[in-house]
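Letters A, B, C and D mark the chains as written, and numbering starts fresh at 1 in each.
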Amino acid sequence: MFSFNEIKKSLAASVWLMFLTFPILVIRVNTVENVVEWRWKNMVYAGAAAFIISFLANFLVKRKEAGNKNEKDKGNKETLFISQRLLNDKRFFFPALVVVTIFILSFPFLFSMYQTSIMSTALIYVMLGLGLNIVIGLAGLLDLGYVAFYAVGAYSYALLNHHFGITFWVALPIGGVLGAIFGIILGYPVLRLRGDYLAIVTLGFGEIIRLVLENWNAFSFGPSGISNIPRPDLFGIDLSLQANINFIYYILIGLVIFTIFVVNRLQNSRIGRAWIALREDEIACQAMGIDKAKTKLMAFALGATWAGMGGVVFAAKTTFINPASFTIWESVMILCIVVLGGMGSVIGVIVGAMVLILLPEYLRAFSEYRMLIFGTMLVTMMVFRPGGIIPDIRKKYTFEEKDK
Amino acid sequence: MDWEYLLDLFLGGLTRGSIYALIALGYTMVYGIIELINFAHGEIYMIGAFTALIVASVLGLMGMNHIVIIILASVIAIIYSAAYGFTVEKIAYKPLRQAPRLSALISAIGMSLFLQNYVLLAQTSNFLPFPSLIPDFDFWEPYAHILTSQELVILITTAVVMILLTFLIKFTRTGKAMRATAQDKVMAALVGIDVNRIISTTFVVGSATAAIGGVLIASHIGQINFYMGFIAGIKAFVAAVMGGIGSIPGAVLGSLVLGWTESFFTGYISSDYEDVFAFLFLVVILIFRPSGILGRSETQKV
Amino acid sequence: MKPILEVNQLTKFFGGLKALDKLDLDIREGEIVALIGPNGAGKTTFFNCITGIYTPTEGDVVISPPNKKTMRINGMKPNLVTKNGLARTFQNIRLFPNMTVLENVMIGRHSRLSSGIAGAVFRPKSTRREEENLINDSYEILKKIELAQFVNELAMNLPYGAQRRLEIARAMATEPFLLLLDEPAAGMNPMETKRLDDLIVKIRDTENISILLIEHDMKLVMSLSDRIFVMDYGKKIAQGTPDEIKSNPAVIKAYLGEETDA
Amino acid sequence: MMKNSFGRVLISIVLSVFMCLLISGSTFAADTIKLGVAGAHSGDLASYGIPSIKAAELVVKDINAKGGVLGKKVELLTEDDACKPEVATNTATKLVSQGVDVVLGHICSGATKAALGIYKDSKIICMSPSATNTDLTLSGDYPNFYRTIAYDDAQAQLQVKFATETLKVKSAAILHDKGDYGKGAAELAKKYAEQAGVDVKLFEGVTPGAVDYSAIVQKVKRAEVDAVIWGGYHPEASKIITLMKKERMETKFIGADGVKDDTFIKVAGKYAEGVYATGPMDVSQNPLAIAAKKAHQEAYGSDPGAFFDSAYAAALALLNAIEKAGSTDYDAVSKALKTEYVDTPLGKISFDENGDAIGIGFSVYQVENGAFKELK
C-alpha cells in the first residue's frame, strides 16, 4: 500500500532534516576544556524521527485529502456529534447533563489536590477563553492585548484588599466592571483599525498596562508584586489548604456555568447576531443598520468583563501577583485556546482551554521536553484541523417549536 | 542645548533602528505576500546567530584566521537560516494556505515555541559569549567614541540590504512575481506564476536577512541565548507595522522611527517608560494613518 | 406630489478625479426608477454617496419618507441612513456567508428592534416576544422572496440567483420605503432574470416600496422601469421614460448601440 | 435547565466544603525521603533554575551512595515553575500531593512567595538557593522558609558601604532591569546610598532583552557620575558595561550577586575587567566547593551555572537537618536547621530565627584578568 514514491519522499525529508539540524543538534562546543563535541547519534535520531514522521504525515495528508477520516478525526466527529446533541436534543441532554454534573461535582474527591488545583487553573482559562471568544470568535476583532483586562481584574482585587480590606466576593463584580470600563477605554481609539493593525495596537495596550504596573511602584508595588492576597472566604470559616483549593474549584465551576449561560444567550440574541455580522462583513453590516462603533465597543467591554473577573479569581488563587504574570504570552495562550478550540464555539473553547492548560501540566512527565512537545502539538493540530477541534455550529430554527 | 548629547542619542537611535530594520524586513516581506504574522521569524534570527557562533568557535578551535572565520560563519549562518525559513514555511504554513488566517498564526506561534526549545535542549539555556566578529577598524578609531565600528558596519549593512531588497522587488522577474502574488494569488497563478515557489523564495530571502541581522546584532551586543528572538521579534514587528507592513522602505523607516523614539525618550525623559511611549506612539500613528506611515491605505471596493 | 428622494447637484471627488458631477435625480412614491450607464460611469459611487458609505463632496441628498418629515441625509452614517428607510443591495454580493439564510434576514431587522445586552441575558417577556416575532417576520419575508426552503442553509451554500434574492430579502427586512438595487440581475440566466423581474414588481405593488436599480440588462430595465436616468462620466446625460431613452441620441452615443439588445 | 444546575452547584459547594473540613491534610507513609526541587527549568530564566537540579542530583547521588538519610534512599522530585507565580502554585500543590518532605527552591522571589503559602499550610520546609527578596525572611510571613543566600538588604548595604568608603563615590547612577530581583535590589541601594549622602543622579530601569542600551549609557555618560550601581542579572549588565567601555567611559560599575557569575566574565570578556560585584564569600578554596565543581564537570561536561554552590549547600543543609532531627517532622527539622551546623561549599552554616543562613558572609569582588577576585 505504501508506494515506493512515498518512501523516497520520506527519505528525502529525513536527509534534509539531518542537514538542517546538523550544526545545532550535532556540534556543541564544550566550554570547560574548549573541545568540540560531535554528537553524531543525535543526527541519527533526527534522521530516523524525520523519516517516520514525514511518512506518517504523508499518509495522514493523503487520507485527509482523500476525505475519509482517520481515527483522530473520527474521534472529533464523535464529540462534535455529541456536542450538537447536547445543545439541541432534550432527550440526550438531561442524562448527559446529570452524568457530567455528577462527575464535575465529585472531581475534587476522585482526584488529588494537585489535579483539582490545575483543573481550577484550566477553568480560569475557560472563562478567559469564552470572554475572548466574544471579541475574536463572534465580533472577529483580533485582540492580542486581552491580558491587560486580566491584569486589571487581578490588581483591582489585590489593591482594594490591601488598602481597604475589600473581600473576594465584593471584589469579583468590581473587577468585572473595571474590566468592562477598560475595555471601552482601550476599545475606543482603535475603532477604525482592522485586522492585524488592530492586533498590534491591542498588543501594545497590553504591554503598556504591564509596564505601568511594573514601573509605577507607588501604585502597584512594582515588580516585587503583592503577596498574601487572601483566598476566597466562606462566611469567615477558615479552611484547610485542601478545602480551600476545592472551594476555589467550586467557585470557578459556578462562574464558568454562569459564563456559558450568558455567552450562549448572547450568541443567539440581537447583539450576538450583530457581532457575527460585523465579523462577516463590516460594510454590509452597517448597511443593515447596525452601529459599528457601538457594537464593537460592546464586544470589547463584554469580553473584558470576563477577563476582569478571571483576574480576581486568579489573584485569590495564587495569593501573589506581580506584572510578570501578565505578559504577551498570556494573551497568546488565550488566543490559542480560542482558535484551537474552534472560534465562536463554546464547547470548542472549553475543550481548547482544557487541552492547552492541562497538556503542559501532564507533559511535566517529559520535564524539559514539554514546551517542545507543546509547540509541536500546536502546529500539528492546526495543520490537521485548521477549523479548530470543535468548529462552531450555527443555531437551526424549526417553525413548529417557538423560541428556545 | 547639548548638541553632542543629541548627536549621541541620534546615532544610538539610528543603530537601534537599523537593528530592528534587519529583522523587520523579513517580517514585512512575509506579511506582504501571505498576510501572516510570522511569529517564528524572531526564532530564525536566533538560529542564524547560533549557527554563526557554532561555526565560528569550531573554526576558531581549528585555528583559522579571523577573516576566513567571519566570512564562513556569516555565509553558513545565512544558508542555514534560509533553509530553516524554507522548511518552516513548508511544514507549518503551506498546509494552511486555505485555512482561516488565525489558524496559520497559531501554527506560527507553535513553530516559534518549538524552535526556541529545540535550541534550548540541543545547545544550552545559558547566555553564550558571542565573539565580536567585526574588529575595531583603526581608521575609524578617531570617531569610535561616537559610533563604534560595529555600529558603523550595522548601519552600512542595513542600508545595503534594504537597497538590494528594493531592487530585487522592483526590478527582477522574481520581484515582479512576488508583487503579483502579494496582490492576488489566484490571478498570479493564472498568469503562470508558480505561487508556491515565489512564497518559498520570499521566506528564504526574509530568513537570510534575519540571519544577517542575527550575526551583526549578536556581535554588537556580544551575547546570545535561545530566547533572544522573541523580544527583538515583537519590536521588529511593531516597527514593520508602524512603517506600513508589506512595504520594504516602510519597514526601515518604521524601525528608525521606533529606534529614535526609544533613544530620545530614554535620553531626555526616562527609560522606565521607554516601551510604553514607543507603543503609545505606534497607536497615535495608526490612529492618524490606519495603515502605517508608508502603507498603501487599502480603499475597500464596495 | 413631493419626491421621496431628491438629489441635487451631487458631486464626489476622489482626489483629482471627478466621480460624480452635479448629479440631479428624484424618485416619487411607488416608482421603479432605473439608473443606467456604461461601466465606470459612477453609478455605484452614486449609491455609496446616498447610503453614506462615501460622503459626497458637494450637493444634497434629501429624503421625505411617506408620512414622515423631510430630512437631509448626506454625510449621515450608513446605519442611520438605513434606519431612515433607505436599504440597498451590493453589486458584488455581500451576504454574511457563515450565517444561515434566516439569520441574514434577521440581521436586516436589527435597526427595528431594541433589546440590548440585559435583554439578551435575562430574556424578559418583552425580549422573548421580540425574538419570536423576529423569527416569524423574517420567515415571512423569506416566503415572499421564495427562499423559504433554504431557511437553515448557510448563505454561502446558496445558488447564485438565490444569493441575489437573499440580498433583496435582507434589504427588505429593514423596512425601507426605498430600495436601492445594485445590478440585481448581474450574472443571472434569463429564467432567473424573469423571476427577478416579477419579484421586483411584486415588491413594489404589495409592499409599496419604491425602487431605484442600477442595471445593465436593458431588457429588464425597459420592461421594469417607469423612468430611467442615464449616466456617463459622472454626469447625467439623459432622463425619461423607457421609450424616450431608447430614442435619445446622447444615450445611443454613450452606449455605441449597446441598447440594441433591448 | 441552567437554573437548577446552579442550585445543585450551590448545595454541593456547601456540602463538599464540610466534607473537606472533615478530611484534614492527608499524611503519606513513605519509604524514601522525598526532596522536591522546584524552580525555572524552562523559559527565559531556565539558566538560573537548571543548575539547582544538577546540584541536587549530585548531592543526592553521593548521599545515597553513602546509604541515604535515616537509612532511607533520597528521592528527587523536580518540578518546573518557569518562574511564574501561577505555575508555582500548581508546582507546589503537585509536590505536596506527591508527599514531598522538604523542598529546595523556588528560584525567583515572586514564584517563591506564591508557592510558600501552600507549603506553609501543609507544613513543608522550603529552602531557596537564590530568592533574595528581603520580605521572604524578615516579614515573618513565612516561618517555613529558609535560604542559603544573603538577602538584598545585606547586599545593598555592603555595596553602598564599599562604594562610599573604599571607592569614595560621591555621585552614582542606579540602574535596574525592572525585574522583581533587580528593581528590589536597586531600590535598597538607592535608600542606603542617599542615607550615606551619595548624590543619586539617575535611577532608571532598562528593558531586559532589548537589542541595544546605548541611549541609557549616553545618559549615564552625560550625568558624569562616579559609579553605576546595577540591580539585575548579568546579561544586561554585560551589555551595558561593554557599551560603557566602548564609549571610553571610566565610570565604575558595581553589581550584586546577579552579576557575580562566571558567565558574566565569559560574555563581557575584556570589558568585564575592573567591574565590582558583591556576592557570597569566596568559596573557590573550600574543598567541598572544589569537589562539587569537579563532580559537575565530570557529570555534565561543563562548568556549573548560577547559584550552583548555594543550591548544593541548601540540599546538604536540608538533608542533614532531617538526619539530625531523626524524622521529617516539621518542627523537628526546623529546630535542627536552626541549631545544627553543617559543612557546605559555602562553609559551615546554620540558620537564624528568620531563616537566613548564618556563616555565609558576603564580600566584594573585582574582575581581574578574567576572574572575580575577592577584595579584602
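Definition applied: a contact is a pair of C-beta atoms (placed from the backbone, for glycine too) under 8 Å apart; a residue touches a chain by one contact, two chains touch by 3 or more.
Keep in mind that what you see is a predicted model, and the values were worked out from it rather than measured.
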Chain D and chain A - chains in contact with each: B
Pair of chains joined by more contacts [C-beta pairs], A-B or B-D: A-B
Distance-maximising chain from chain D - centres being C-alpha averages: C
Distance from chain D to chain B - Cα centre to Cα centre, in angstrom: 35
For chain A paired with chain B, centre-to-centre distance based on mean C-alpha positions, whole Å: 29
Between chain C and chain B, distance of the C-alpha-averaged centres to the nearest whole Å: 49
Centroid spacing, where centroids are CA-atom means, of chain A and chain C in whole angstrom: 42
Set of chain C residues in contact with two or more other chains: 53, 90
Sequence positions of chain B contacting 2 or more other chains: 117, 120, 124, 272, 275, 302
Residues within chain A bordering two or more other chains: 215, 283, 368, 371
Chain A-touching residues of chain B, taken from the complex the two chains share: 31, 35, 37, 47, 50-51, 54-55, 57-58, 61, 76, 80, 83-84, 87, 91-92, 95-96, 98-100, 102-107, 109-124, 234, 237-238, 241, 245, 272-273, 275-276, 279-280, 282-283, 286-287, 290-292, 300, 302
Touching residues (chain side chain A, partner chain B) in the complex: 16-17, 19-21, 23-25, 27-29, 34-36, 42, 61, 136, 142, 189-190, 192-194, 196-197, 199-201, 203-205, 207-208, 211-212, 215, 283, 328, 332, 335-336, 339-340, 343, 368-369, 371-372, 374-379, 382-383, 386-388
Residues of chain C defined as touching chain A within the complex: 51, 53, 77-80, 82-83, 87-88, 90, 94-100, 102-103, 106-108, 110-113, 115-117, 119-121, 123, 127-128, 130-132, 134-135, 139, 151-152, 154, 170, 174
For the chain B and chain D complex, residues of the former touching the latter: 2, 5, 8-9, 11-13, 15-16, 19-20, 117, 120, 124-129, 144-145, 148, 151, 217, 220-223, 225, 227-228, 230-232, 235, 262-264, 266-267, 270-272, 274-275
Residue ranges of chain A touching chain D (in the complex, touch as defined): 30-32, 37, 93-94, 97, 101, 105, 108-109, 112-115, 117-118, 121, 214-215, 217, 222-225, 227-228, 234, 237, 239-247, 250-251, 253-254, 257, 261, 314, 317-322, 324-325, 361, 364, 367-368, 370-371
